[in-house]
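You will see chain A twice below: alongside chain B first, and alongside chain C after that.
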Partner chain A sequence: MSSVGTLRFAVIAIMVGLLELACRTGLIGPTVIIPPSAMVESLWQILAEGDLTTDILSTFGNVLAAAVLSVVVGFVAGLAIHPLPRLRGALEPLLASYYAIPTFMFYPLFIVFFGVGNRAIIAIAFLLAVVSMVTSTLTGLDRIPPILRKTAKMYRMNRVSTALLIELPATIPHLFTGIKLSVAYAFIGVIASEFILSGAGIGYSISYAYNNFNNRAMYGLMLLVVVAVTTVNMVLHSIDRRFQERSRR
Partner chain B sequence: MTGKLRKPADFLLLMLALVVIWQALHWVAGDIAITSPAATLAKLGQMLHTPKFWSDIAETGRAFLFALLISVFGGVALGALLGINRLAATVSEPILVAAYSLPKVTLYPLVLLIFGLGLPAKVAFGAMHGLIPVTIVTMNALLNLKPVLLRTARVMRLSPLQSLTTLLLPAVLPEIFSGLRLGFSLSLVGVLIGEMFASQRGLGFVIMNAMNLSDVATIMAVAVLLTGFALLASGALGLIDRRIHR
Partner chain C sequence: MMEPAPVTSATEPAAGATEIHARLRGITRVYGGRGGAAGLHALGPVDLDLRRGEFFSVVGPSGCGKSTLLDVLSGLVPPTAGTAEFEGRPITGVPDGIGVVFQEDASFAWLTVQDNIAFGLRRAGVDAAEIARRVAHAIGFMGLRDFAKAYPAQLSGGMRQRVSIARTLVMRPRLILLDEPFGALDQQTRLLMGDELLRLWRETKATVLLITHALDEAIMLSDRTGVMSARPGLFIDIVETGWPAERDSRVVSDPRFGAMTARLWTQLREESLKIMGNQVPSSSH
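Presenting the complex of A and B:
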C-alpha cells in the first residue's frame, strides 16, 4: 500500500477507534450509538443466523436488476438522443435539474402499474439511475476526437466497424463513469424505497429495527450496507480512475 | 423563429409532450393511479387556498433553507480546509466520494437518535446530502488552481487566511457556484426524504400521509408543485452559473 493509502487507513482507524472509545466510556449512550465492535458482532450474528438472508439477497438482486436495466436503457437512449440536437437541447434543462426532483413521490403510480413488490422498487431505482447513464453516454459521444473519425474514413471503414472499432473504445471511459454512477444510484434508489415504502429488503429491516428500538440489529445492518456499498463503489471508482488517467495520457 | 427563441420553444414543446403522455397515462390507468393534468392543477389550486398546506410548505422551506445554508457554508469551509493542503485532499478524497455515494437513508435512524424527531433532524439529514458534494467541488477547484496564483500569494507574502479570502476563494467562485447547484438539489431531496420517513409536518409528510390514504390527487399535486419548484430554481441557478463561467 502507498503511504497515502496507509495514512487514509490510519485516519479511518482513528475515527472508528474514537467512536469505540466514546461509546465504551459512556460519552455516547448505547441508546444512541452502539460501539463499532458491537456492530461487527451483531452483523456477524445476523449473517450466521440467516433470518435476513432472503431480505439481503432480494436487495442486492434488485440493485443488480435496476443497474443493468438503467445501463442498457441509458446507453441506448443516449445513442438515440445524440444525433438529434433539438431534442437534446430541449432535454438538457430537464437532465440538469433531474436530481432535484424526489423520485420517490411517484411510488404509488408504480404500484398501480407494477404491483406491490420488487418491480415497483426496481422502477424507482431505475428512474434514479438511468439519467446519469444517458448523460455519460452523451458526453462520451461528444468527446470522441475528430481525428479518430477521420482515421476511420481514411481506412474506408463502414459504419458498423467504425462504431465497434473506433467509437465504442473511444467512449468507454465515459461509459464506465456512467456505469459507476448508475450502480451508486441503484443502491440509493433500492435501499431508500425499501426503507420508506416497502415491506422487505435490507432497507425495510433497518427501519423495522429502528421502530422496535432494536439498536443492535439496526447498527449491524447499517454496517452491512455501508461496507457492501462502499466496497462496490470503491472498486468501480478505482477502475474509473484508471480509465480517466489513461485517456489523459 | 429566431435562433435565440428556438431552445425555449423546443423545451416548451417537450413539456407539452410530457403533459400529453401524462394525460394518456391517465386515460389508460384511471383516477386511482394518476389524476389528469387538469384535475391535478385544480387540486393544487384548492390546496394552495388552505392555511394548513401553507404551514407545511413553510415547515419544509425552513428545514430546506437551514440545510442549504449549512451545506454551502460548511461545505466551502471544509473544502477550503482540505483543498489548501494537497496531502489532506488526496487522503480524504476517496473517503468523501464513498460518503457521497452511500445511500444516506440508511443512516437516518442515527440522525433521529441523535437529534430526536423534529426540525433539527430534518435539517441535519438535508445537510448530510448537500454538504459532501459542496466540499468535494470546493476542494477539487482549489487543487486545480493555476500555480501562478499560489506563487503570487507567496510573492505578496499573504498569510494563508489572506490568500484564501483575497485570492483563492474568488478564483474558485464559479466552481463553488456549480457545487451550490448540486447542494441545492440534494439538500431538498434530503429534507423531503427525511419528512417522508419520520415527521408530522411538511410536504414529505403530506405525500406520505396521502400515500397511506391512497389519495392520488394530493400526491400528484404536491409532486407537480415540487417538480415545478425544482425545475424553476435549478434553471435559474443554471442561468447564473453559465453567466459566471463565461
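Presenting the complex of A and C:
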C-alpha cells in the first residue's frame, strides 16, 4: 500500500476507533448511534439470515439500471449535442443550473407517469444521474486532440466508426468523471426514492427500521450502502487512474 | 567549392525521372470568406508535379500554407480552386495509396504500439496473418521491438513519432506525406530520424513529400526542395540537390550542402521578414 493509502486507512481507522470508544463509554447513547462493531455484526446478521436479500438485490438492480441508462443516454446525448454549437449554447446554461433544482420534488409526477415501484425509482435516479454524464461527455469531446479526428479522416472512417473507435476511447478518461458521478447519483436517487416511492429496497428497509426503533438493522443497512458505494467508487477510481496514466500525452 | 545544382521549376520534368505521380494545377485555398466577407487566402495558385519515387521537401515561412498544401494533396481539404491529381485520378477525398505522418502526436493512447500500427490494416480488413507479418516488419524496421506491448504514454516523443511512421508504413502508401514529423525532436534525434526516413524511402520506393521548417533537413533528405513565399504561399524556387539515392546525414559535410542551404535561407529570410512586417535590411549591413 502507498504511503497515501496507509495514511487514508489510518485516518479512517482512527475515526472508527473514536466512534467505537464514544459509543462503548456511553458518550453517545445506543438510541443515537450504535458502535461500529455492532453495525458490522448487524450487517453480517442481515446478510446471513437473508430476510432482506430481495430488498438488497432490488436496490442494486435499480442502481445498475439507472447508472447504465444514464451513462449510455448521457454519452449518446453528448455525442449528438457536441457538433451542434447553437443547440449546445442554448442547453449549456440549463445543464449548468440543473442540479440547483431538487428533482425529488417532482416525485408525484413520477408516480403519475410510472406508478409506485421500480420504474419510477429508476426514472428519478436516471434524471438525477444523466446530466453529469452529458456534461462530462461534452468536456471529453472538447478535449480530443484535433489530430485524432484528422487521423480518422485519413483512415476514411465514417461518423459512427470515428465515434466508436476514436472519440469514445479518447474521451474515456474524461467520461470516467461522468461515470463516477452517474453511479453516485444513481445510488442517491434509488435509495432516496425508496424512502418515498417504494415498499421494498434498502432505502425502504432503512426507513422501516427507523420507524420501528430498530437501530441495529438501520445502521447495518447504512453500513451496507457505505461499503457498496465505497467499493464501487474505488474500483471505478482504480480503472480511471489506469486510463489517466495511459492517456498522458 | 562545387556549385549547387541548378534551380528548376516545380513542374519542370527532370531528365530520367519524368513519370508524374501527383500533380497540382492552380491550387488555391481560401478559408472563410462567406457572405461577402474577405476570406483568408492561405495558398496559391500553386502548380507542382511530384515525380514517382522522388523525395520532395517544402520549406517556407510560418503560416505560408505548407500544411494546407499537404491537406489538399492528401484529400483532407478540398481546394478553393484548381485541380489535384494522384496517379492520374482527381483527388476528391482521401485517396487510396496516400499516407500522412503529422507533426502532432497522432498515436492512439488507448492502444499498445503494435495495436496502433495494426489499426489501419484491421480497418482495411487485411487478414490476421498478414497483419501480424506487416506489423512485425514495421516494428523491427522502426526499432520498436522492445516496445511492441508498451502504450504511447510510456514512450518518448521520438518513439511515438516512430509509431506514427510505422502506422503509415504498414499501409504501404505509394505517396507518403510528412508534415514536420520531427518538429518536436532535438537536433541529434532529428538527424538520426532523417537517416531512418531515407532508409524507409529507399526500401518502400514511395514518393515522399516532406513539409519542414528546417532548411538543413530539407536539403539533406531531398532530391528537390521547394521554397514557398509568405502567405498566400507560392513556389518561388525549386532547388534540385542532385544527391545520390544512397545518401544519409553525412551529406551535411559536402560543400554543396552549405551552398544550397544558404540559398534557401536567403530566400526564406526575405519572406519571413515580410511576415514579420519588417523591411529587408540592405546587403551592406
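The working rule: the second predicted complex is superposed on the first by the 229 of 249 C-alpha atoms of A that agree within 3 Å, B and C clash if a C-alpha of one lies under 4 Å from a C-alpha of the other, contacts with A are read in each partner's own complex, and residues count from 1 in each chain.
As a working rule, a residue touches a chain if its C-beta (ideal position, glycine included) is under 8 Å from a C-beta of that chain, and two chains touch if they have at least 3 such contacts.
The structure displayed is predicted, hence computed values, not measured ones.
Student: Look at A:R8 in the shared chain and tell me whether it touches chain B only, chain C only, both, or neither; answer first, second, both or neither.
Tutor: After superposition on chain A, A:R8 lies in contact with chain B alone.
Student: Kindly classify A:F113 by the partners it touches after superposition: chain B alone (first), chain C alone (second), both, or neither?
Tutor: A:F113: touches chain B, not chain C.
Student: Given the superposition on chain A, which partner contacts more residues in chain A: chain B or chain C?
Tutor: B
Student: Per the contact definition in the header, classify A:G89: touching chain B only (first), chain C only (second), both, or neither.
Tutor: Only chain B is touched by A:G89; chain C is not.
Student: When the two structures are overlaid on chain A, which partner does A:A192 contact: first (chain B), second (chain C), both, or neither?
Tutor: So A:A192 only meets chain B here.
Student: Using the superposition on chain A described above, determine whether A:I172 touches chain B (first), chain C (second), both, or neither.
Tutor: second
Student: Once chain A of both complexes is superposed, is A:Y208 in touch with chain B (first), chain C (second), both, or neither?
Tutor: Once the two structures are laid over each other on A, A:Y208 reaches no partner at all.
Student: With both complexes overlaid on chain A, does A:M154 touch chain B (first), chain C (second), both or neither?
Tutor: Only chain C; A:M154 stays clear of chain B.
Student: Would you tell me the residues on chain A in contact with chain B in one complex that are also in contact with chain C in the other?
Tutor: none
Student: Touching residues of chain B toward chain A in the complex: what are they?
Tutor: Residue list for chain B touching chain A: 6-7, 10-11, 13-14, 29, 32-34, 87, 90-92, 94-95, 97-98, 101-110, 112-114, 182, 184-186, 188-189, 192-193, 196-197, 204, 207-208, 211, 214, 216, 219, 222-223, 226-227, 230-231, 233-235, 238.
Student: Okay, in this complex, where on chain C does chain A touch?
Tutor: Listed in rising order, the residues are 74, 76, 93-94, 99-100, 102, 104-106, 108-111, 119-120, 123, 151-153.
Student: Going by the contact rule at the top, pick out the chain A residues touching chain C in the complex.
Tutor: 145, 147-148, 150-151, 153-157, 161, 166, 169-170, 172, 243, 245-249
Student: Of all residues in chain A, which touch chain B in the complex?
Tutor: 4, 7-8, 11-12, 31-33, 86-87, 89-91, 93-94, 96-97, 99-102, 104-109, 112-113, 184, 187-188, 191-192, 195-197, 203, 206-207, 209-210, 215, 218, 221-222, 225-226, 229-230, 233-234, 237
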